[in-house]
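In the two complexes that follow, subunit A is the common piece, with subunit B as its partner first and subunit C second.
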Partner chain A sequence: MNIGLEAGFADPVPDAQRCFRAVLDAMAHPGRIAHAAGVTAPYPLGTAAAAVVLTLVDHETPLWLDSDAATARQWIEFHCGAPVVADPAACGFALALALPDLRRLPAGSHESPETSATVICQVASFDTGTAYRLSGPGLREPAVLTVQDLPRDFVSIWRRNHALFPRGIDLILCAGDRLTALPRTVAIEEV
Partner chain B sequence: MNDTISRPDAIATRQHWMSVLARAPAEAIASALTRAGPLPVWSRVRGPETGLVMVRGRTGGSGSPFNLGEMTVTRCTVRLGSGVAGHAYVAGRDERRAELAAVADALLQDLNTGSRDSLIGPLAAAQREQRLTRAEKAAATRVEFFAMRNMRS
Partner chain C sequence: MFAVCVRRWNGGRRRSDADCYDNSTIFIPHCPRGTFMKGYNFAYLDEQTKRMIRRALLKAVAIPGHQVPFGSREMPLPYGWGTGGIQVTASVLGRDDTLKVIDQGADDTTNAVSIRQFFARTAGVRTTTHTGEATVIQTRHRIPEETLRENQIIVYQVPQPEPLYRLEPSRVETKRMHALADYGLMHVKLYEDVARLGQISISYDYPVMVNNRYLMSPSPIPAFDNPKMNRMPALQLFGAGREKRIYAIPPWTEVRSLDFDDHPFRPINAHQACGLCGATDSYKDEVITDDLGGRMFVCSDTDHCEQRRAATVQRHGPARPGHRAVSGPSDETGDDGSGAPRHGEAATP
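Moving on to the complex of A and B:
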């Protein structure tokens, strides 16, 4: 009976285009904070995570949800029409409230590295937490990004992922209505 | 999830009223809703939005599938104050009609069987009558091709 189904984007086409632009900018400038709006996010997702899912995920992209994000499964399936897969190795996108084990996600192949997964991970905040120094394509000078709630050994996890290039996972971090991206090309070290 | 909706007969009941609503004109749905009592408060979850759906057929009715053509469809999903969601897909681009049909679908899930029949019954009867009238008109102009009939039998 679809009790408690929330609305998606208020104005689907312009809202999705704006959000896509924000993700594009964030990917091109790792660590830069972009904003998302226009959506009533279902619990436990924030505005940015919900908007990114609505923008990027559709019936052609298998989606894996971690156990916390699965609370919003009905909303995601209704608005995106995406097949939700139980096996993380089969997904195109992963939505998680805690960073999943990146080794269990598809990293693409050398022939087609674009088939790797993109992880949309919701974190608590970009204002407090651990500071990371980012460098690589898109950054003329190293940038500093502060993130709350990433695993303690995130730097070594990321080093492993970065070393796979051209294969590897791309990460979109969302907190509230703000988002930023860490593409596989970026090198991360603790400040 | 409500377990009554997952029962096969409950699904058939809902399919019936959804098909009646999909065929009913906006004015008919509006007056049926008014008869059922004060209009509930609803919010739009998706749409109303218009798009195309591919209609598929089977050659000879049972052969291999083929794409017959695209059809304009307007869909809408609403949610009542009680939290119940209603869906509607109607042919054409009449957004008000799709929204009213979705509201009626949501409302019908909440009502008991008697109130359901009083809401959907007149609409179904009108459509049945319309179908009959058309069938009668067509039957009156029917031509029997004796040669063909004899060949087939």
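Moving on to the complex of A and C:
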């Protein structure tokens, strides 16, 4: 019987390790573009978004999917075994094709800020779109990140998130086979 | 210090071949040197554990200096011997990495040798003693003298991640103090030091403020090393296995040693040049050389010391006994000196 499910990582152990190092590198250097590979992504996900999900999500992490990402729900449930939750406030990870309302996601507590959600958001491109200036830990000097597809008022959305520190959402942006990360510590302004 | 325990599985047979190694503190089945051990997952830990640690590491990087709880596993060596560091290293390590492990600055001490061989066998990674060649450096109680560069990762073994532990034993309380950034207690402790002793009397594990928010234990590195943490180009990861905490400092992050305007932070070091390489700017260990009161100060960072001596030899030829080296203030520049406490270990495959 062919259930039409794409495979996961071709070589799970080294593929997951490489993808993790790409995410770690991006989280440690906000805005730095890293590459992910090793997986045939299920529609509508790109290689990077699919690889990040396989690398970080499992049965211990409640996952919330937006309506577009839910198309890949069967694939995610099969490969990760993650409990998919309907309430974004109950998630550990959120996978979305459009930036969700960050205020509906858990931002952690002051005593345990690490319990906040990580949003994996797929965007169109890092080559064209709006340019943002990033500054904060991980950056020797302000860096510029170009992203297509983030909401028009992303800078003010992020300012609210950044102001919650040490609480706050961490964002992993994926476009095709490329990814970058915006931890809560990074300050963002439009160029 | 520690009793050396040799526990090597050899199928019940005595072995005498050359690929045996000594001073193993880690219980791992024997396999010939240079080969990759079968029967375990890459780098020992299972993938589910790695995912859990990786998630904790990402949150730790996103909240610099904050201690993230994690499900520390039993490792094939006791808590307190570097289990936290090993678990962090196992979770970040890949086939392309080159690993260096130091213990108090030295590559050739029991724990460093064991942990390096553990990963050489369970992950088949390249290992090195040269700071510059390593992509991942696991350390106990020192930061290498050579400035770390961007894209290197340094993993610290941490016995006690809570900087307020000696002042407030309750985890519930210290968690709340971190939440409120209420670090008055630590300032009072430093003030009492000054009032009683005229100076801050902490020589290692000197508390730091990370990114102007979290009070953090730098692990028991000498206060001498604290300034190296500030705006370090490398990523700093900390693992406390027994205490089940992971924390991190992203590159280029401000790390400030606590002090007072009128009693500024002062790193402490022996006022002696290294007895082997003559370095005056490195951290020194005092070493007893005989039972007649003989002693010498030598670089704690063995790789740094060896490279300096190798450079001296290249410039001036090997030092002869009784001959004063041109560049060093000490009589002993060669590593042939009697009582030279350290010798380098060649890079393992």
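Definition applied: the second predicted complex is superposed on the first by the 189 of 191 C-alpha atoms of A that agree within 3 Å, B and C clash if a C-alpha of one lies under 4 Å from a C-alpha of the other, contacts with A are read in each partner's own complex, and residues count from 1 in each chain.
In this section, a contact is a pair of C-beta atoms (placed from the backbone, for glycine too) under 8 Å apart; a residue touches a chain by one contact, two chains touch by 3 or more.
Quick caveat, the model's predicted, so the values are computed rather than measured.
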item	value
Fit-or-clash call for subunit B and subunit C when the two complexes are aligned on subunit A	fit
Subunit A: partner with more touched residues, subunit B or subunit C	C
Apex subunit A: angle to the C-alpha centres of subunit B and subunit C, given in degrees as a multiple of 10	90
Which of subunit B and subunit C A:P12 touches, first, second, both or neither	both
Contacts of A:R178 with subunit B and subunit C, given as first, second, both or neither	neither
Partner chain(s) touched by A:V23 [first = subunit B, second = subunit C, both, neither]	second
Touched partner set for A:L139, first subunit B, second subunit C, both or neither	second
Subunit B versus subunit C as contact partner of A:H162, first or second or both or neither	neither
Contacts of A:H79 with subunit B and subunit C, given as first, second, both or neither	first
Subunit C versus subunit B - closest C-alpha approach in the superposed model, Å	10
Footprint overlap on subunit A, where subunit B in one structure and subunit C in the other make contact	12
Residues on subunit C engaged by subunit A in the complex (per definition of touch)	41-42, 47-48, 50-52, 54-64, 66, 68-69, 91-95, 151, 175-176, 178-180, 211, 213-214, 231, 233, 235, 249-254
Touch list for subunit A against partner subunit B, complex	1-8, 12, 78-79
In the complex, subunit A residues that touch subunit C	12-14, 16-18, 20-21, 23-25, 27-29, 55-56, 58, 60-61, 109-114, 116, 118, 137-140, 165-166, 170, 183-185
List of subunit B residues in touch with subunit A within their complex	1-2, 5, 43-46, 49, 77, 79, 83-85, 109
